[in-house]
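In the two complexes that follow, chain A is the common piece, with chain B as its partner first and chain C second.
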Partner chain A sequence: MKYAYYPGCSLESTSPDFNLSTEALIEFLSLDIPEVQDWVCCGASSLHPENKLASLALPALTIEAAEKQQRDIMVQCPACYAHLRESQEALVHESKVKEDLKETIGREIAGKLKIKHFSEILTQEIGLETLQSKVTKPLKDLKIANYYGCVIVRPQELMQYDDPEDPQVMDKLVNITGAESISWPFKTKCCGAGSSISKTEVTLDMTYQILSMAKKNGADAISVLCPLCHINLDFRQPQIERRYKEKFNLPVFYYTQLLGLAFGLDPKKLALDRLFVSPFPLLKSKGILS
Partner chain B sequence: MARIGVFVCWCGSNIAETVDVKRAAETIAKIPGVVYSVDYKYMCSDPGQDMVKNAIKEHKLTGVVVASCSPRMHEKTFRKAAQEAGLNPYMLEMANIREHCSWVHDNKEEGTLKAIDLIRMMVEKVKRNKPLQNIKIPVTKKALVIGGGVTGIQAALDIAAGGVPVILLEREPSIGGHMSMLDETFPTLDCSQCILTPKMVEVAQNPLVTIMTYSELEKLDGFIGNFKATIKKKARHVVVEECTGCGTCWTKCPTKVKSEFEQGLGIRKAIYIPFPQAIPSRPVIDEANCLKFTQDRCGICAKICPKQCIHYDDKEEFIEIDVGSVVVATGYDLMPTSAFGEYGYGKYPDVVTSLQFERMVCASGPTLGDLQRPSDKKKPKTVVFIQCVGSRDPEHHKAYCSKICCMYTAKQTMLYRHKVHDGNAYVFYIDIRSNGKNYEEFLRRAQEEDRAQYIRGRVSMVYQDGPDLVVEGADTLSNAQVKIRADLVVLATAMVSPKGVKELAQKLGIGYDQHGFLTEAHPKLRPVESATAGIFLAGCAISPRDIPDSVSEASGAASKVLGLLSKSELEKEGVVASVRECSCTGCQNCIRVCPFTAISLKDIRDRAGNLIRQVANVNPGLCTGCGTCTPTCPSRSIDLQGFTDEEIFAEINAMAELH
Partner chain C sequence: MLIEITKDLDQLAFTEELEKESGTDVKKCYQCGKCTAGCPANYLMDISPSQVIRFSQMGLKEKILHSQTIWNCIFCDTCSTRCPQGVDIKGVMDGLRRMAVRQGIRPKAQVRNLEKAFQDNIKGFGRVYEPGVVLDFNIRSGNLLHDVIFFPWLLIKRKISLLPHFKRTAEVRKVLRKATQITKKAQEVKE
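Right, the complex of A and B next:
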């Protein structure tokens, strides 16, 4: 296993908590996963409706950078993941687009490396048993609603991540921390991130439904793996509470933070203090942190 | 010396426009051995055929080439004419200068040269042709019908009505199939069992029909008119002839099992009859669940049986039966709700299939027709029906339309509204397909009189919210999102080929498509025939069908069977492989490649009866003349009559000669 880590723009800007907790896990598990050198933005959300070719070319540059390091790509952001996969698909399987890309970039890129989400590497390559053996502080008595969002699982043919209706990857990871993954129906329902700026009220309504369904099904907190889902569920939670006059008080963790907690890592290192809905009252009430 | 006559057809302008038929006839006339060569406007017309007949007699022709259309069109016509004129029909060949030439070319010069080549080839072939005789095969006057649903029952009844004995084979403990599970049927709302059970009784009482339930086809050998079926009779553990069906055994049986007949909504015992009108009304022991078989205890049914006819040590039996023809009516299965993640993978008890809904409203169902939803027995006030679940969905499931769902969903909304007068029935649909007699009118009744609310669009997800289900979907006519809180969701899941049908098709040597539906010999003109002679198809085994279509096809297949078995002998073409025994080494190459198992080894013995060697031997009844065997023979000892190596090489040489 030789990976290079592609954080992407979100994890470097709006979601440093995801980035820091990821790096903390890499360090704790002594994984040889350096950052991809000279990576570029994947062009997500803004580029692909405007210029399809450019939206394939940008991720191709990152793929090329990893190829130079002779490493596969590890990624955390589902949008980055989707665009890298799409670009790779074009490089490997679509000869016409591949020609266009060659002309645009000025070089040929093979694209034959592996692109994996960190959660896949943890479950498939490191293994749940190994991870389980490193748990020192089980997150007892904590009910977690795992929320995958819509991007990581769709379209299934391209992402090849997990079942698009009832994925289990994060559930398995959360279960080894000692917390309980609840069964609930909105694991992959869209949070509305695409309309977050242009039609905020639409997004607020969609996120509201997710929060209420998690609460209704008995969740103490939510676990996510997408920086945009996190913004909506965590950062916008107070806004939603005001708008719908309903108190949720549901901390929204990145799955890496929950794993880090169970491994006994320093909450500060896991950037728990950066969450908008503070998790500390909950963690203290459950006796997980003192 | 061969005396060949050549007849070049114009086919009106079909050929004559692109081929200079006169020049072709004149050029061919110069080939040695051709004693007569003419062109004519329509060779297939009566005067055209008379030309052939007269020329055979006048010019003492030993061979004829008709240059016209594909032999698939008129070979039979001309061979019959030749026969009438006293020529062996296999001494007539057709050169296809229409489909293979005039229709696909537009340059007349090139077309003419190609036509001349094609005719020359057939002239050289026919010079070497040998007279062949058609092959006669005897016929067993008995038929086998596989599948005891309404289709199989109808086929068996119609065959028996023609005086031919029939075996009706059913793998379940009773005949009746899916139709026996339905409540009322569209478009007349007559009770399904009320119209089916008389047919079940009729077939059971018919002296020409032998019903074999709890039995499966193990093997089918032989060929048209002469099949040998091996049937596996699964161990029923009840002596059907002695049992009176008194019911003491299943009343006392302590083991409760989810009933297949009730679609998992009701309970049966480990010794059971599937439903009260079952035929035969004799129980069967379900070994997988009976305590005697799983834990070697209990045994109460045998103890209390007043007739002492329960035997735990019964074993499955194999029976061989000779039949002349087979009808395959194996029906369908429904995709289970667990195949659909967006609707909860079958986890929500109140998301049911349409067949489960039938049992829920049926007077003979587990609640005796009192509609209750499975989770909490509540009477559902809002029911959402979703059509095309798994059908018309090429990305995830099946690309085809399951054909009957539009109509039975309309029917189910009516049945629902007749039970719950203030209830709301919603139907999500893509398109409505109601193209049958009185179907559209029936659908309108559902919408107008029974106020089913039709929403054109797909459902994106169904989820549980407290005791209710929430159905989220799109209304594509008003371009709006729809969210309905429902008590019950009914999925019209796709009809799929039943379990085990591919294995059955392989045993029968018949084709099936990527979905496991059986393939017709021709989808339009031979819709109830399989590609294997003597094996016929009917009903949902071919593709989704409603009851009228299935029953019509059953009658169609039965008439094919009767047509076949009405003769005492069958005649088939003499184009079969034959073995030159003196040079055959018995290497068995041909035996291995023969797709019809028509070749076997034959012992060659001396006068004292000692085995000298073994050679290949072709069963002409089984051989279809496909020619697969001939190229595999290292000593060129097997050849296809009518297409011998010599004849084919003569054709190729004739073609190469000109250029």
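Right, the complex of A and C next:
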């Protein structure tokens, strides 16, 4: 297993908590996963509507950068993941687009590397048993609603991540921490991330439903694997509470933070202090932190 | 709503064009309504997703291209994932947007402003600096304080980085320029 890590722009600029907790896990598990040197933006969704070719060309630059390092790509942001996958499909399978990409970039890019989400590498390659054996601080008595969002599971043919209605990857990882993954219906309901800046009230409507459903199903906290889902559920939670006159007080963890806690890592290193909805009262009340 | 089924060739040509643009066969739809039932943005739409597909089958071009629906779709892909007939409804929405833009029908300014802000950020830095995107978007939309009031709080929490990161900017700009040229050329050949 030889991967290089592609954090993407969100983890670099607005989700350092996801980035830091990922790096903490890489270090703790002694994984050889350096950053992809010279990675660039995946284009997000901004290039797609008018210029499909550009939206395939930018991720290809990052794919090429990883190829130069002779490594596969490990990614955390589901949107980056989707764009890399799409670009790879075009590089490997679509001969007409492949020609256009060659002309656009000025070089041919093979694209024959593996692209995996970190949660897949943890469950499939490192293995749940190995991870379980490293748990020193079980997160007992903690009920977690695992929220996957849309991008990581849909479209299934492209992402090949997990079942699009009832995915289990994060549930399995959360369960080894000693916390309990609850059963709830909104695991892959959209948080409205695409509207977060341009039509904020739409996003607030959608995230309200997610928080409310998690609470109704008995969750103490939510676990996510997407930086945009996190911004909407955590940073916008006070806005949502004001708009709907309802208190949630639901901490929103990245799954990497929950794993790190169970491994006994320093909460500062996991950037728990950077969460907007403070998780400390909950963690103290459950006896997880003193 | 009473709709006359048409044999107008222009309308049939529209169905064909749309199917080509979106790469899916809208004729497969048998109106079960599952896409509409699961759509989280349905409440923002003037015609529902299943209606969009029905109108597409019937070639009701003007009705669809001028609907709010195509701009309010949030591309979560729940519809396409659940469609028992394998119709790519999200792909249809995406295709309709591109067709609308080609006809000079533009989305609401907000959507365009955000796309622009993103694109300029990519061109400027090679990597996106998200706080910069928000600022740029606000300037374009004339609403300077939108979300910016939270910036000090975000900085205290060390939730956002202070400065953008620059990477391969000249190359990124070159690639984007070239991609635009090729796309335009292909479009001209088509027309």
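Some points to look at:
Operating definition for what follows: the second predicted complex is superposed on the first by the 289 of 290 C-alpha atoms of A that agree within 3 Å, B and C clash if a C-alpha of one lies under 4 Å from a C-alpha of the other, contacts with A are read in each partner's own complex, and residues count from 1 in each chain.
Keep this in mind: a contact is a pair of C-beta atoms (placed from the backbone, for glycine too) under 8 Å apart; a residue touches a chain by one contact, two chains touch by 3 or more.
Remember, it's a predicted structure, so these values are computed and weren't measured experimentally.
For the composite obtained by superposing both complexes on chain A, the positions of chain B and chain C are in clash. By the document's definition of touching, of the two partners only chain C reaches A:D100; chain B does not.
Touch criterion met: A:P164 reaches chain B and chain C at once. Of the two partner chains placed by superposition, only chain B is touched by A:M213; chain C is not. By the touch criterion defined above, A:T200 lies against chain C but remains apart from chain B after alignment on the C-alpha atoms of chain A. Set against each other, chain B and chain C differ in how many residues of chain A they touch, and the higher count belongs to C. Within the superposed three-chain model, A:K189 lies in touch with chain B and with chain C [touch as defined at top]. Of the two partner chains placed around the shared chain by superposition, neither chain B nor chain C is touched by A:A110. Under the contact criterion defined above, the residues of chain A that touch both chain B in one complex and chain C in the other are 164-165, 189.
Of all residues in chain A, only 9-10, 12-17, 38-41, 43-54, 57-58, 61, 100, 103-106, 150, 153-156, 164-165, 188-190, 192, 194-195, 197-200, 202, 206, 209, 235, 273-274, 276 touch chain C in the complex they form. Of all residues in chain A, only 163-166, 185-186, 189, 213, 216 touch chain B in the complex they form.
Contact residues of chain C toward chain A in the complex are 40-41, 44, 74-78, 80-81, 90, 94, 97-98, 101, 110-111, 113-115, 118-119, 122, 125-131, 133-134, 137, 146-147, 150, 154, 157-161, 164-165, 167-168, 171-172, 175-176, 178-180, 182-183.
Only residues 341-342, 344-345, 461, 463-466 of chain B touch chain A when the two sit together in their complex.
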